[in-house]
Structure formats: C-alpha cells, structure tokens
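These notes open a run of structures that come right after.
In what follows, chain A forms one complex with chain B and a second complex with chain C.
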Partner chain A sequence: MKNVRFDFIIHWLWTIVFALLVLSGLAMVGAKYGWILNYDIASADYIHRLLAAVYVMLTFISVAIEVIRGIKGDDKKLTWFIIGKSGYQLFTFITTLIFIITGVIIWVCMDSNIAAVSFALYIHEKLTYIVIASVIWHIYVKCHALLWPKKTEAKKNSMEAGK
Partner chain B sequence: MPDKRKLHFWQLVFVFGAITILALAANYGYGSMKQPGMMNDTMGSMMGLMHLKNITVSDLVKQQERLESIQGQAQTQNHSNHHATSGSFLKTAHYLTTAAVILLLPFIIAGSIFLAIVWIK
Partner chain C sequence: MMQKPWFKLVIWILATSFFFMASSIIISHLSPGPTEHQSMRYMEGMMGAMHNSLMGLSMTIEEDFDLKRLIINASAITIPLICISIILGLYIRLIRGKRNAG
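And now, the complex of A and B:
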C-alpha cells in the first residue's frame, strides 16, 4: 500500500467516474441507447449531473497539480496521470476541456439560448463516440498494466527491502 | 497466433460483450414499443436537425427574443415548481453541483492556458 502512487489513484478514480458518466450520458442520448439504464432518463440525468461535478473537481485537482509541477520545473513523467504534455494524456486533457465547456453551456443555457445548447450538445455527443473508441484503443495498448505483479517478485522485493 | 500479452484485453471484451448482450436481451422489445419514429435518432442529431440548420455565430452568443425568454421564464417557473415538490435533497444537490462546476471552470481554463504556455516553451 506504501507504494501506491497518487497518479495511480487519480487515474482509477477518473476511470470509474468517466465510465459512469458515459453510461448515464448514453442512456440520455435517445431511445437507441436508453436500454443501458432501462429507459430511466430521470435517474440518468441526476447521476450525470452529480458525477459531472466530481469530474470537474478531479480535472481541477489534476490541472492544479500540473500547474504546481510546472512552477517548480518538475519534468518527471507521471505515467499513470490523466493529463500531460504528449500522447494520450494530451488527448485526454483536450477532450476533457471540450467536454466540460460544452457541458457547462448545456447546463447554463438550457432555458435561455437553444442555438448554443444545440451546438454544444451536438459536439458533446459526437465527441463521446470518439473518446469511447479511443478508450478502447487505450485499454488495448496498455492492457499489460492489468497484470497483477507476480507474488514471487513482490516477495523478493520485500525481502530485499528488509535486508 | 494471438498475442498472449493482449489476453486481458480480450477477456474484458468478452465480459463486457456478455453484459451488453444480457442487458439487450432483458430489454428486448421494450424500447421499440415506447419510441415514436423520430426518437430513433440521437439527441445531438435531432437538435442539429431542428436548430442548427440556419444559425449564425451570433445566434450562439445572443439571448433569444423577448417573447421566447418570457415563455422560458414561465417554463422555468413550472420547472422549479415541479422540482420543489420532489424534495430538498435534489435542490441542494443541484445548487452544490452547479456552484462547483461554475466556480471551478475559470480556474481550470486559467490553469490550462498556463500549462499550454509552459509546455510549448
């Protein structure tokens, strides 16, 4: 437990929140995917809004950590972190910003500007499909990380540490 | 010959595929009874068809006509009346989540601009 890193925890928290956001979001998209939550659109709406706030908070924490690292000039790569300056981390960062900004437009302008809501909703939905495809690709590429560390190696490490 | 290192991926594919098929089987026929023709489309596509055909960039930023906003106010009133009956928990959750999202957004955007500058350097 001592070796569990902060970026690892954020990664899996993010994963759980994003998976639930995708499920509740797709359930609201239309009758096509309503079966995901048994056509209970009201529950999907509550779940999506509550988790969206958690998602924004996790993003805020991640951005704050990166800003602090940037100020300190810390260039060490956090392999499990969700945002970063290259590769899939950068893709996640950009798509997250688009999700949050379009989500806020939908949230705030629902009763005042239907054109803006339609535009934001269109992007929010289509981006979801792109990100789902990218997540499947990400799992495929990184699936070696799902392997549990071998007991013998863990034992060896602990014995070495005890010496 | 399948790659042994990708075995876990295919295990996940199998598990999620099975869950999806079970969920679809459990709901078989239920959705098709409920949905009228237009609802077969997704929400984004429907909104796009109905509202995005003839809009301009200025439509995205300006408020709608006065009449529409009055109608909107009436709708909002009905909306809030409706929510008032569904308990204070939802109301509190609504205020807290809205405040969290609206208050944190400027900091996230500011941080992102800062990171863009630092990373490009």
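And now, the complex of A and C:
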C-alpha cells in the first residue's frame, strides 16, 4: 500500500463514483428507464445529488493539481490521472466540465427556469450515452488491466511445498 | 496494487457494470413505449423524490405544528447558546493559561 500513487487512487475513486452516478441517473431518465432501480426515484435522486457533490469535489481537486503542475512546469505524465492535456484525459476533462455545468443548471433552475432545465437535461442525458460508449472503448483499450495475475514460479513452488 | 486478486475483482465488477449500463440503455431505448403501469410507477417515484426535496421537507414542516414550534424555539436559543459557549470557552482557556503560567 505504501507505493500506491495519488493519481491511481483518484482514478478508481472517480470510477466508482461515476458508475454509481450513471446507475442512479439512468433510472431517472424516463418511464422506460425506471426499471433499472425498480422505480425507486426518490433514492436515485438522493444518491445522484449526494455523489454529484463528491464527483465535483474530486474533479476540482484534480484540476487544482493539474494547475499546480502547470505552474511548476512539471511535464511528467501521470498515467492514471483522470484529466490531462491530450487523448482520453482531455476528453474526460471536457465531458466532466459539461456534466458539471449542465448538472448545476438542472439543480439550481429546477423551480424557476424550465427552458434552461430542459436544454441542460437534454445535453446531460445525451452526453451520458456518449461517455458510457467511450468508457467501454477505454476498457477495451486498457483490457490488459483485467488479466488475472499469473502465479510466479517461486509462488508455485512454495505452494507445492506447503502441500 | 494492480496485481492483488481482490483489486482485480473490484476492477472486473466495475468494468462489467459499465457493460450492464450500456446494455440497459439499449434495452430501455429500444423497448416499446412505456406502458400505463410503467408511467404510473415512474410518476409515483417522482412524487416520492419530491417529498424528499427541500420543497417537500418544508411542506412537511408546515403541516407538523410540534416540529414547527420546536424549530422556532431551537433557532431562537441558538445564537445565545453560541455566545455563552464562546464566553465559557474563553473563560476556561484564560483560567488554565493563568494556572499554567503560575
């Protein structure tokens, strides 16, 4: 555990939060989607709002770290980091910002500006589909991470000796 | 860390959950229009969510007179209690400071 890097922790924390956000968000999309959480919209709404705060916090921490790295001129690539200057990291950064902005509009304008909420909801929903497709592509590209660790010879020998 | 079996299991669950979500989107999107039962259950769920919202909570408080009185009383004594606790805290701090110095 000593050598676990900060970007690694942020990556997986963010993944867990995002997965739960998608699950709770999908249940609220419409009547056709309600079955995903057995029409328990109240819980989905609660979980979605709660985790959205965590999501925003994790993103802002990541942005702050990236800005500090920029100021210091640190060009070392953080391989596990969720945001960055190029590739999937840049895609995640842009989509996350859109998610946060539209999410804030939905949350704040819910009782006042219906037009703004409708537009933000449309973007928020359609972007979810795009991002989920992209996550599956991301999993496909990085699928070597899913390979189960092979037992080394030393381990095998020690296990056999134990028998 | 990536070589630990329990962590591999977590990654596997997370990765498969995204496939589940993608398939649930496809199933929901391509399914025939919502039935009356589905729409009713969805509306009920939305009503439940509204009860949990700030508006719903304030409605509950408006209807519950005991709770309303309790909140009024509690908010009335909050500021005096904070002031008293600050004064007491400073008093104890000063007395201990003097004792320690002596």
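To be clear about the criterion, the second predicted complex is superposed on the first by the 146 of 163 C-alpha atoms of A that agree within 3 Å, B and C clash if a C-alpha of one lies under 4 Å from a C-alpha of the other, contacts with A are read in each partner's own complex, and residues count from 1 in each chain.
Just so it is clear, a contact is a pair of C-beta atoms (placed from the backbone, for glycine too) under 8 Å apart; a residue touches a chain by one contact, two chains touch by 3 or more.
All values reported here derive from a predicted model rather than from experimental measurement.
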Original post:
So, A:Phe119: does it touch chain B (first), chain C (second), both, or neither?
Top reply: first
**OP:** Once the structures are superposed on A, label A:Ala31 by its partner contacts, choosing first (chain B), second (chain C), both or neither.
**Re:** both
Original post:
Who wins on chain A residues touched, chain B or chain C?
Top reply: B
Subject >> Contacts of A:Asp40 with chain B and chain C, given as first, second, both or neither >> reply: second
**OP:** Identify the partner contact of A:Trp107: answer first if only chain B is touched, second if only chain C is, both if each is, neither if none is.
**Re:** first
Original post:
Given the touch rule stated above, what does A:Ile132 touch, chain B (first), chain C (second), both, or neither?
Top reply: second
**OP:** Give one of first, second, both or neither to describe whether A:Ile16 is in contact with chain B, with chain C, with both, or with none.
**Re:** second
**OP:** Determine where on chain A the residues touched by chain B overlap those touched by chain C, and list them.
**Re:** 29-36, 39, 46, 111, 139, 146
Subject >> Residues on chain A engaged by chain B in the complex (per definition of touch) >> reply: 28-36, 38-39, 46, 49-50, 52-53, 56-57, 59-60, 63-64, 66-67, 70, 85, 93, 97, 100-101, 103-104, 107-108, 111-119, 121-122, 124-126, 139-140, 143-144, 146-147
**OP:** Can you check the complex and tell me which residues of chain A touch chain C?
**Re:** 1, 3-4, 8, 12, 15-16, 19, 22-23, 26, 29-36, 39-42, 44-46, 111, 129, 132-133, 135-136, 139, 145-146, 148-149
**OP:** Mind listing the chain C positions that touch chain A in their complex?
**Re:** 1-5, 8, 10-12, 14-15, 17-19, 21-22, 24-25, 28-29, 31, 33-34, 38-39, 41-42, 44-46, 48-49, 51-53, 55
**OP:** Going by the contact rule at the top, pick out the chain B residues touching chain A in the complex.
**Re:** 5-6, 8-9, 12, 23-24, 27, 30-31, 34-35, 39-48, 50-52, 55, 59-64, 69, 72-73, 75-76, 79, 90, 93-94, 96-98, 100-102, 104-105, 107-109, 111-112, 114-115, 118-119
